[in-house]
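Next come the structures, one after another.
You will see two complexes here that share chain A, one where it goes with chain B and one where it goes with chain C.
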Partner chain A sequence: MKDDKDTGLFWGSEGQLSSLSCFVLLFAVTSRMAHTILISSVIFLVFPITSAILKSSAILIPQRHDFFIRMVIVSALTAIASRLFSIPWPIPVRDCAFYLGAIPLCYVSGSYKLRFESKSTLAALVSSAKDALVFSVLAFALVLVREPFGYGALSVPGPEGAIEFFGLSAVSSFGARFVSAGAGAFILIGYIVALYRKIRFRLYGKPLCGDNER
Partner chain B sequence: MSVLFLPLLAGIAGNSYLQFGFGIQELLFRKNTSASGDVAPSLAIFLTGLFSWILFNYIVSPLGLGFMEAFLLIPLSISVSVLTERMILKISHKEIPSLSSSRSAYDGLAYASAFLTLRLSPSLFAAMAVALGSAFGFLVCGLMFRAVRAHLDTEPIPRCLRGIPSLLIASGLIALIASFSAAAVFAVWGRTL
Partner chain C sequence: MKGNELSPSISRFLPFLWWLVATTLVVAISFFSANLERKTLADMIDRALKAAGDSRRVESSIPSWGPDGVASLAGERFLLKKNEGKVVVFTVNGSGASATLAAFYSSKKSIDLILPLGEGSRQAIPRLPAGLIDTYKYRILESEQKIDRRIQSK
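Then we have the complex of A and B:
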């Protein structure tokens, strides 16, 4: 069995599908591609910048309240990023306000340690950008299944909400529409995690069940 | 009566886990699966919801700082969660552990409760009922997943589906029922407003 350093950000025990650290975002924003684009863009901006700021100011942060200070910094940066993205896309930002608030929680979970234990500011920045890329790839893979089945369309964010650019009216009466709902997301992600574990077992010999599972 | 009952039902039906996916680490990944382990998260969910409503309606918004919501909610929910856990540990005379769950506001459950209470509650009593409903919704989920887990342990399931994948699939089936009941509750509540 290979250790976490060999398996990296995706196949390691702190990867997105192992720890399900960004589950809430994968679950919620992958029903519409407009929301996926918005959240991925915010994550691409917030994760690397926060890591760079925290890494470069590590000496200034007192040990006793370090976690709380980090949370305040990442929350502030997320709020600023949301304001920035509300200039071109005000309605998608309003629609995703609930989930934009969850970005700080996703930042400090999962591969946070891998990112923060990087040797230099640049390494922390690159590691965070890679993590954001892993999230984006997963989110886009999910949305490309969920949105066409659920809405019969694909959408991009626009100033007046989601702009649909590929419509299939026949899909609206299709039984598989439920994959765009929360219930469908749970089931879809459940099977994806099972498939991921099977592939990980074949590639790295990591156990099929997680650490706390029988 | 409906002034309190419907917000309470709305809090339960608008379950943060089944409807929005918050709290997966708390419900599916945690090691302590006993009922007593649910006390601190439920109390934190209730207190965060109530406290944030009071803070935003009586202090933040009158000062014209409502736009700070996006920045304040996460630090606020983490602070309330950590303080609640410390309070419970002090009362039960246990040593204070690393407080890792409360540091993530119970994987966002406390944050979700605060957000929903702010959005759904027109009055202080409604805020209390919605926050209580959110906490009760978490307790119900905890109870259900303990039962589901016990069943899954005895069922012949393929190894790659054991644990989290099968719990996620079970969550999907429960979420189907929950979304229909939530739609009914919110439709009735909407008519009474």
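Then we have the complex of A and C:
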């Protein structure tokens, strides 16, 4: 059996899927690809920059107030990023305003410990960029199922909201439309979690909830 | 993280410094990007009105401070030309769909029109739970009437 920390960002106990807070984001932003692109872009900007700032200014962060400062920095950077993205995409940012608030939670409850065990600022930055990549891959995998069945289209963010670049009206009226709704997302995530645990057990022999689980 | 090299008095001060720097940055960037965003929204409202065959147009945005600005419950607010009322831009989320809408509060103190801003919002409306837009409509109506009453009482 391998050590959890050696199992990487995706399968490890400190990976994105090990924290329920990231599922909130995955659940919320994967009904439209326009929203997934926006949130992934913000995460790609916020995660690495936050890690780089926190790592490079470690001496200015008292251990006692570590969590508070980390939360302030990641929240401020998320707010700044959302303001910047609201210039080209005002409507998608408004649509995702509530979900943007979950990004700091996703960062602090995720794999930050690994980032600060990194030897250099660059290593922390690269590790956080990998975290963002893992989230984006998962989000895109979900949205590529949910949006075509729910809306019969795929969309990208634009100044006036989601711009659809292919549309099939026959598919959007199909019975699988529920996949784009909340209930469908829960069912899909249930299947993904089951598959994730099965593969993880096959690869590493260590289930998520302890050694007694099979 | 190592922070033991700093003296206790500096350590106590540093959280406030971090908070101050972060807040200042957010406020500064919000201030500079807000005007641009309001202009884009005003253009979108005008386009939505034109598409709906309505002759009303946006004059300016209403700042969130001053006698007419406070206590608005939801969204960005705009003034219509020729004193024809106000517009409130708000976002509704529900059942995996979200839409940005413009509610028109007329000079007769009622909301006479709600228009979706952009194609994505128009498509999202049928997917929103029934009655959700009406809930927002009544909240906005109540809020605007409250502001009107306060302005009249002064």
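Just so it is clear, the second predicted complex is superposed on the first by the 205 of 214 C-alpha atoms of A that agree within 3 Å, B and C clash if a C-alpha of one lies under 4 Å from a C-alpha of the other, contacts with A are read in each partner's own complex, and residues count from 1 in each chain.
Quick note on the criterion: a contact is a pair of C-beta atoms (placed from the backbone, for glycine too) under 8 Å apart; a residue touches a chain by one contact, two chains touch by 3 or more.
If you're wondering where the values come from, they're calculated on a predicted model, not measured in any experiment.
Student: Between chain B and chain C, whom does A:Ala79 touch in the aligned arrangement: first, second, both, or neither?
Tutor: After superposition on chain A, A:Ala79 lies in contact with both partners, chain B and chain C.
Student: Using the superposition on chain A described above, determine whether A:Arg94 touches chain B (first), chain C (second), both, or neither.
Tutor: After superposition on chain A, A:Arg94 lies in contact with chain C alone.
Student: Contact-wise, after the overlay, does A:Phe23 reach chain B, chain C, both or neither (first, second, both, neither)?
Tutor: First partner only, chain B.
Student: For A:Pro104, select first, second, both or neither according to whether it touches chain B, chain C, the two together, or no partner.
Tutor: In the superposition, A:Pro104 touches chain B alone.
Student: First (chain B), second (chain C), both or neither: which does A:Tyr191 touch?
Tutor: First partner only.
Student: Looking at A:Gly152 after the superposition, I want to know if it touches chain B, chain C, both of them or none. Which is it: first, second, both, neither?
Tutor: neither
Student: For A:Pro48, decide between first (touching chain B), second (touching chain C), both and neither.
Tutor: Neither chain B nor chain C is touched by A:Pro48.
Student: Just to be sure I read the superposition right, which of the two partners does A:Ile61 touch: chain B = first, chain C = second, or both, or neither?
Tutor: Touch status of A:Ile61: second partner only.
Student: Intersection of chain A residues contacting chain B with those contacting chain C?
Tutor: 68, 72, 75-76, 79, 97-98, 181-182, 184-185
Student: Spell out the residues on chain A that touch chain B in their complex, using ranges where they run on.
Tutor: It is residues 20, 23-24, 26-28, 67-68, 71-72, 75-76, 78-79, 82, 97-98, 100-102, 104-105, 108-109, 178, 181-187, 189-191, 193-195, 197-198, 201, 208-210, 212-214 of chain A that touch chain B.
Student: Name, in rising order, each residue of chain B that touches chain A in their complex.
Tutor: These residues of chain B touch chain A: 18-22, 24-25, 29-31, 68, 70-75, 78-79, 103-105, 107-108, 111-112, 115, 153, 158-169, 171-173, 175-176, 179.
Student: Which residues of chain A touch chain C in the complex?
Tutor: Counting only chain A, the residues touching chain C are 31-32, 34-35, 54, 58-66, 68-69, 72-73, 75-76, 79-80, 83-84, 86-87, 90-92, 94-98, 116, 146, 150-151, 155, 158-164, 180-182, 184-185.
Student: Quick check: in the complex, which residue numbers of chain C touch chain A?
Tutor: By the definition above, chain C touches chain A via 1-6, 11-12, 14-15, 18-19, 22-23, 25-26, 29-30, 33, 36-37, 40-41, 44, 89, 91, 93, 95-100, 117-121, 123, 127.
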